[in-house]
Amino acid sequence: MSGPVVFVSDLGLRDEFVGVCHLVIARIAPDVHVVDLSHGVPPHDIQAGAMMLANGMAHAGPYAVGLGIVDPGVGTARRAIVVRTAAGPWLVGPDNGLLSLAWAALGGITGAVEVDPAAVGSTKVSAVFHGRDLFAPAAAHVAAGMPLEKLGSPVEPSQLQALELEDAEAEPGRIHGAVVDVDRFGNIRLSARPSDLERAGFRVGTMVEVATTATSIRARRIVAYSDVKPGEYGMLVDAWDWVSIIRYEASAAAGMGVTRGDPVWIALAG
Amino acid sequence: MSGPVVFVSDLGLRDEFVGVCHLVIARIAPDVHVVDLSHGVPPHDIQAGAMMLANGMAHAGPYAVGLGIVDPGVGTARRAIVVRTAAGPWLVGPDNGLLSLAWAALGGITGAVEVDPAAVGSTKVSAVFHGRDLFAPAAAHVAAGMPLEKLGSPVEPSQLQALELEDAEAEPGRIHGAVVDVDRFGNIRLSARPSDLERAGFRVGTMVEVATTATSIRARRIVAYSDVKPGEYGMLVDAWDWVSIIRYEASAAAGMGVTRGDPVWIALAG
Amino acid sequence: MSGPVVFVSDLGLRDEFVGVCHLVIARIAPDVHVVDLSHGVPPHDIQAGAMMLANGMAHAGPYAVGLGIVDPGVGTARRAIVVRTAAGPWLVGPDNGLLSLAWAALGGITGAVEVDPAAVGSTKVSAVFHGRDLFAPAAAHVAAGMPLEKLGSPVEPSQLQALELEDAEAEPGRIHGAVVDVDRFGNIRLSARPSDLERAGFRVGTMVEVATTATSIRARRIVAYSDVKPGEYGMLVDAWDWVSIIRYEASAAAGMGVTRGDPVWIALAG
């Protein structure tokens, strides 16, 4: 028996979608522990879901089963897949790139199948909710120990959809990247990593100018959120090693008016 | 030992209401699994809660205990009830119709009691939060195996409040119904069923005009959400067999400006 | 083995923060039951979090472990603490007052330590997310039975930060207090208690005038929410014995335009 099932989706908590997936899992594998990683992925935002799943799986242990449901293509020919990773965890979800950042972070794929509905007990699969009808049953059966070859027919890993995150560009004194997420506190996560800060020469204490197409603010590179005064901007490395623009006790995203995908330029402040 | 407890409410997740109900259940029946179906029922919306509970119980198995808390009449003379259904599951909540769509879907009532607070260990019942003081304890005792006759005094099933959902009217070329729900994606669930589509002759591929008192749009009958282009409207059968108006990767409800209860007319497009 | 872990935070459910804390706990103490009390504490609102934690712990039983994460000072010199209370439960979180209303309600402190990261297996502690790196591991180890003296070095309880809630002032015919919270239904919780109602002589049925700096409404003292007509205001004692201004089936806070901290004057209506 493996576990836990690590469940991420864009289904939200307003409706009964997530609860029903829990019920389906509980009937197949009543002893499996399901952890709700987040159901607040913006609707249909495969990349945001993929990042969350990768972040979560890093803390889930080698027996975990990632279950991802961000599935705008439900009911079409896109595959339902189960993937086994080199680091141990399994991943279950649609073949639309949602699982790909997690498998990359978990050492790559050691086996993959397209789910056979009959194998996971799904005699009736709707065209509108594979979360309930296919992915939740598959995750439950994986967690209950069903081997890969019984779950469906093998798929060549190279045939699976994978996301490519565009890296930031860094040179001395400059970073050019993009907004990859805005969290509940309004912190702005950029497509930049600590190595980019190093390449740019932005050490702790350095003052930079952070510009979008619409606005520009000054921020000091800091270590902790409270290293700036309330309302001031700071630049720090967040809990998953992304460069973030923050505003202590305020929303940096609201202050700068950015949303995901916006390009951002960071330069040494004059 | 039965289970799981399937918990639906309008209590929201902002406050500690739901968490406290979990704690109360855990003290009485520590081994019972509680699944949060949804706590996003619009405040005081008994019908929306009733539909969610019925949808959820369909996937919960014969030993499940439905716990519903949408209770604008808390502290008044309305009864607190436990109901046993023909299909097996139990239902616990206020006698205001909230449980009635579930018991109808579960084959009807085979026994019902008005909860005796003392029987479920509630020595102090507030006038403001029966979820904590009465319904959660009752659900926990039911899940832990307490027989119906020990939970309180019998009530004649015909005396219990039941909701009547108004059916849509369908004739060849026309359906007249109403909005019964709008989900997190902005999909509009109507009071119409696949049988109404059949009666109207709206087959997959048929183009219809969907009108409210304020607006009118054209939609094609489709099978999967992505059978229309992003932004276009479609009409499909949703995951619980309701006719829905959707907009792929956009909110149909925002586009049409509807809310629950609005009348909707569907006609063959000219 | 103690439990459950009662988890309250301002981390929200949009991101993966809360789910990752669950995963961290599950790896250390897989059999421990974690109850999400609420993650909807307004960002950085230590007082709101402290009240929720105190409310929740009252229902959690003597073996519970309160885990509080509202931590604007993460990465600074503020201590990470574990506290044992006279009533039995343990509390884990930052030393910023968040735990103090709970320990006061649980009979006071019988022992406290500053958490040693190594003791809870945290070899790498970020400056930005002690919830994941320190508090969740500490709560898991406490729930799994680690004794206080192994968790870190003793702290003098009198050295810990404690919140002081300002009491309302009551005299015959008058109460002066403040808004301490607004819940999901728009009910306004005041800093007044049943004893203040008694001192003011506001019995059930009494009509009062409730004034802020901006507006004033009339409300009858009632017992249950539905003791007024929809839209009318009422004043009642809520589920945690706070005086609240409510509007049946409507938001009192929206109607009066108040937010937390606003002063409120209640006087016998003329």
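Order as written gives the chain letters A, B and C; numbering starts at 1 within each chain.
Note that in this section a contact is a pair of C-beta atoms (placed from the backbone, for glycine too) under 8 Å apart; a residue touches a chain by one contact, two chains touch by 3 or more.
Computed from a predicted structure; not experimentally measured.
Enquirer: Have a look at which chains touch which and call the overall pattern line, ring, star, complete or other.
Expert: Chain contacts: complete, every pair touches.
Enquirer: Answer with same or different: of all residue numbers used at the interface between subunit A and subunit B, are over half used by both copies?
Expert: Different residues, largely: of all residue numbers at this interface, under half are found in both copies.
Enquirer: Could you put a whole-Å number on the gap between the CA centroids of subunit A and subunit B?
Expert: The answer is 31 Å.
Enquirer: When you check subunit C against every other chain, which residues touch at least two of them?
Expert: In subunit C, 13 touch at least two other chains.
Enquirer: Which positions of subunit A touch subunit C when the two form their complex?
Expert: For subunit A paired with subunit C, touching residues are 4, 6, 8, 13, 33, 35-40, 52, 55-56, 59-61, 64, 183-185, 223-227, 236-239, 248-249.
Enquirer: Quick check: in the complex, which residue numbers of subunit C touch subunit A?
Expert: Per the touch definition, subunit C meets subunit A at residues 11-20, 22-24, 26-27, 30, 43-44, 72-76, 126-129, 132.
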